[in-house]
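Listed next: structures, encoded as structure tokens.
First chain A sits with chain B, and in the next complex the same chain sits with chain C.
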Partner chain A sequence: MGVKIKVVNMVPLSRSSETNDDSETNLSVNPINKRQIAGTAFTPSGGPNTLVYLSKNGGDTWTVNAIVPGQTGDYNTKFSSRALYGGNLRWPPFPLTMDVLRTKNPFIGLLMAVIDARPGGGGGFFDQPWVETRTVGKKPGAGKDHVYVGANDLTIFPGAGASIDICANGTGGAPVFKLVRLDARPVLGQDGPSVRIGIHRSGKVYAAFFGWRPPGGRTTSDVVVVRDDHWGIGATPFKDLLDSVDLKRGSRVVTGINVGWGVGLGSDRTGSDLTLAVDPVRASVVWVAWCDVQGGAITLHARRSTDSGKTWSGDLLTVPNAKNPALAIGTDHRVGLLYQQVVGTSPNWRWEEHLQLSRSGANWHDILLAKTAVKSWTGDYSYLETRGREFFGIFAADNTPNHTNFPHGVHYQRKADFTTHKLLDVTGATVIPPSIDPFFFKLSGRRDDDEDDEE
Partner chain B sequence: MSASSPADHLVQSSLHYTTAASRGPRRRHRNPRLRRSGQWWPVDFEEHRYQVATLVASGPRNRQ
Partner chain C sequence: MSSRTVKSAANPVDAATLIFKATVARINASNEPSVPPGPGLIVARVDAVLKASPDLGNLVGQEITIQLATKRPAMERGEQAIFYATDWVYGKRIAVQELSHHAATPAADKQVARVLDEQPIRHLASRIRGAELVIVGVVEAIKPSPLDEPLSFNAPQWKVASVRVESVLKSTQRRQPSIPNSVNVLFPSSDDWAPAPKFTKGRSGIFLLRHEPKLGIPPDFFLALDPADFQPRSALGRVQSLLKK
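So, the complex of A and B:
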């Protein structure tokens, strides 16, 4: 059986005239109906609310619904088995408020309900909300949606703001959220924006963040992983994993790194590239990837723990000039790492969108999904997830219609001429300039020689 | 004193200011002053950056 790859430009036909920077993408597949998929990107709606990309046919075609209340500073959405949840850094007014959102049906176009709100203040706000959720399968709590919204709480600046807003019953009438601080060590000013969360069906929940330490802060940062073995809903959440050296909460995967704040790569900023994934079968296996500066270059590192985060491997994959890592693991223990890498020299840089796959971490199968022009901002993250053995992902890239840019093929909904490599407006009569669009992809099947890579 | 830079005394966020996109092509990394400052914000973030900076606890170091 071979690998099957599908790549789709998500901009609907009706929005063919748009030339916005539809960047910083995220994705979620409904766990009980993988044909239902929701995606997010910074696509202006033209109205007071914010768009979500939606597919009912496994990503073959997409529509948009402006169902996120207000404008966004950062947002994403995630399906549980019972609802679609969202985290949105909403404005106006200022200071921004982090809304936690919920809808039972995103396809009908009604605004998502605000089930929790964390207002800004003290000069800051809840930066980069990142929602993850899971419907509990077994007692206790069977059928309840546990909702986790990672964010960096800048309202306590200067202070360690890496946090998760946690709810044990998201579908309840009046969901109660509890804000849990993750960082037990001193910071220089603050933590980094990214808080990434991995939920195992057993109730083991991991989270990773950048702890900005003295003396340099963002140039002397730790990558920290915390863990809770009971869904993070007890009296003292996320205290089940201690560092083997300083015995404080949170295992330090690496210390003293320069996260590359303000360094930049291609057309993009850098400085908070972080991802975490837990094996959906073996809860003790967890992967983390991040980017830092090595020899002046932004460099991606991927590492693994097989003992629930107590100890970590060295780099199992190192990629120079890469950003926006996104990890996911299939039920066959195959790990996928999505990232984008700059190749070539300025001003002829190209973004290469890679999906690397491995079972052991020793041998990697590199799939090039896209090779596109570096023109404008693609955003601070992309996303990858699995349903069973299938990988579903999203990335932002230049939308010039050229088949050579997509080695495994691509389908556009918006009007495009692949012969002349021109985009057309909705009338089909006017050529419009290229811009950044969100691209969905799905990978199923496996290489015939994948078994050679058994652990 | 620590070895922190002036920018460490400002809130550093990943905020994306979407009105920038609605105004047309972004002008990232082309503002010499922002490049020098090492800030994460592109020029289109200036308006919000100003609001954040004015809300940060008072003191000249917070104003860069």
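So, the complex of A and C:
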């Protein structure tokens, strides 16, 4: 059986005239109906509410629906088996407020309900909300949605703000959220923006964050992984994993790295590239990837733990000039790592969007999804997830319609002429300049030599 | 043509993201595949666009789906109206949610055009009303912010514009000094705060200033976060006129 790859430009036909940088993408597939997919990108609505990309046919076609109340500074959405949840850093008014959102059906056009709000204050706010959720399968709590919103709480600046806002029953009438701080060590000012969460069906929940540490610059950092073995809803959440050296909460995967705040790569800023994924079958297997500065270059690293985070491998993959890593693991234990890499030399840089696949981390199969111009900002993250053995992902890239930019093919919904490499308005009469669009992809099947990598 | 009118509570011209004149083509219908047809939906052909995002291109002649604000009074096929609407669904076609509509008459067309033309003035008047200090001045220096600001991709990355005051047009401060020589204006340098005015040395004009205590800004710093909070000198007459109202 061969690999099947589908790549779709998500901008619908009716928005063919748009020239926005629809960057900083995220994605979620409904766990009980993988034809239902929600995606997010910084696509301005021009109105009071924020847009969500929705597909009801497995990503073949997309609509954009204004269902997130308010405008956004950062947002994403995630499906449980019962609802779609969202985290939105809403503005204006000032200060920025982090809303946690819910809808039981995103396709009917109703605004998502705000089920929790964490207002900013004191010059700070809940930075980079990142929602993850899972419907509990077994008792106790069977059928309840556990909702986790990672964020960096800057309202306590200076202080260690890496946090998760946790709810044990997201579909309840009045969901109650509890804010849990993750960082047990002294910080130099604050933690990094990214908090990433991996949920296993057993109730084992992992989270990774950047702990910014003295005595270096403000962005000298540890990558820390914390774990809770009971859904994170007990009295002392996320204290089940201690570091083997200092015996404090949270295993340090790496210490003293330079996260590259302000360094930049291609057209993008850098400084908080982090991802985590747990094996959906073996809860003790967890992967982490991050970016730091090595020899002056932004460099991606991927590592794995097979003992629930107690010990970590060395780098199983290292990629120079890469950012926006996104990890996911299939039920066949294949790990996928999505990232974008700058190739070439300025001013002729190109973004290459790669999906690397491996089972043990020893051998990697590299799939090039796109090779596009470096023109504008693509955002601070992208996303990858699995349903069974299939990988679903999203990335932002230049939208010039050129088949050579997409080695595995691409389908555009917006009006485009692949012969002249021009975008057109919906009537086909006016040429529209290129910009950044969100691209969905799905990978199914396996390479014939995949088993060569069997552990 | 019907003279029936459906109104929403808010000012529809300001609240609507899309204002257009259209003729009803089909009742209980939808031309966007993801929106099932049914009561409260119509398909209308756009005759003229009065307000729309450029992202939508030229809508004239296109049919779009409208979810009416109320099901009664019912609209009729062939009826022409001016619709005030907000974003709803973008797919193969556009579906919008109506805030209100009224009959399209030559008088109504002129009235809507006039209200739209006045929209920036209404907004400016609102910002002037809420300002604590309105001055004419010139930026003499750009300085680093004294605030210990957290690092975030969403942070404003404050800078300070030291503004020499040439004249005070409005002050709500109780203990009003004669005329302050200069004021410190914090402004966000981050592109993420793009709508806020960005200042450079030598920039001169009219500054509409206020304090924002919820942002944790010390009281000796003013802010100007709305695009209308900085006006060119050529707007002086307009600002003075609005101050008198």
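General remarks:
Following the convention adopted for this analysis, the second predicted complex is superposed on the first by the 452 of 455 C-alpha atoms of A that agree within 3 Å, B and C clash if a C-alpha of one lies under 4 Å from a C-alpha of the other, contacts with A are read in each partner's own complex, and residues count from 1 in each chain.
The working rule: a residue touches a chain if its C-beta (ideal position, glycine included) is under 8 Å from a C-beta of that chain, and two chains touch if they have at least 3 such contacts.
Treat the numbers as computed from the prediction; the structure is a model and nothing was measured.
Legend: residue contacts after superposition of the two complexes on their common chain; A:125 is shown touching both chain B and chain C.
By the document's definition of touching, of the two partners only chain C reaches A:56; chain B does not. Looking at the shared chain after the overlay, A:14 reaches chain C, while chain B stays out of its contact range. In the superposition on chain A, A:96 makes contact with both chain B and chain C.
In the superposition on chain A, A:243 makes contact with neither chain B nor chain C. Of the two partner chains, neither chain B nor chain C is touched by A:398. Touch criterion met: A:376 reaches chain B, while chain C stays clear of it. When both complexes are overlaid on chain A, the residue A:188 reaches chain B alone and has no touch with chain C. By the document's definition of touching, both partners, chain B and chain C, reach A:269.
In the superposition on chain A, the residues of chain A contacted by chain B and by chain C overlap at 19-20, 44, 46, 73-74, 89, 94-96, 122-125, 127-128, 152, 154, 157, 189-190, 193, 218, 261, 269, 271-272, 380.
Across the complex, chain C meets chain A through its residues 15, 17, 32, 34-35, 53-58, 62, 67, 86-95, 97, 147-154, 192, 212, 214-217, 225. For chain B in complex with chain A, the touching residues are 2-4, 8-9, 11-19, 21-22, 25-26, 28-29, 37-40, 42, 48, 51-52, 55-57. Contacts from chain A toward chain B in the complex involve residues 19-21, 24, 42-44, 46, 50, 71-74, 89, 94-96, 122-125, 127-128, 152, 154, 157, 188-190, 193-194, 214-218, 261-262, 264, 267-269, 271-272, 376-377, 379-380, 435.
Remark: chain A residues 12-20, 44-49, 51, 54, 56, 61-66, 73-74, 89, 94-96, 107, 109, 121-125, 127-128, 152, 154, 157-158, 189-190, 193, 218-219, 261, 269, 271-272, 380, 413, 425-427, 430 touch chain C in the complex.
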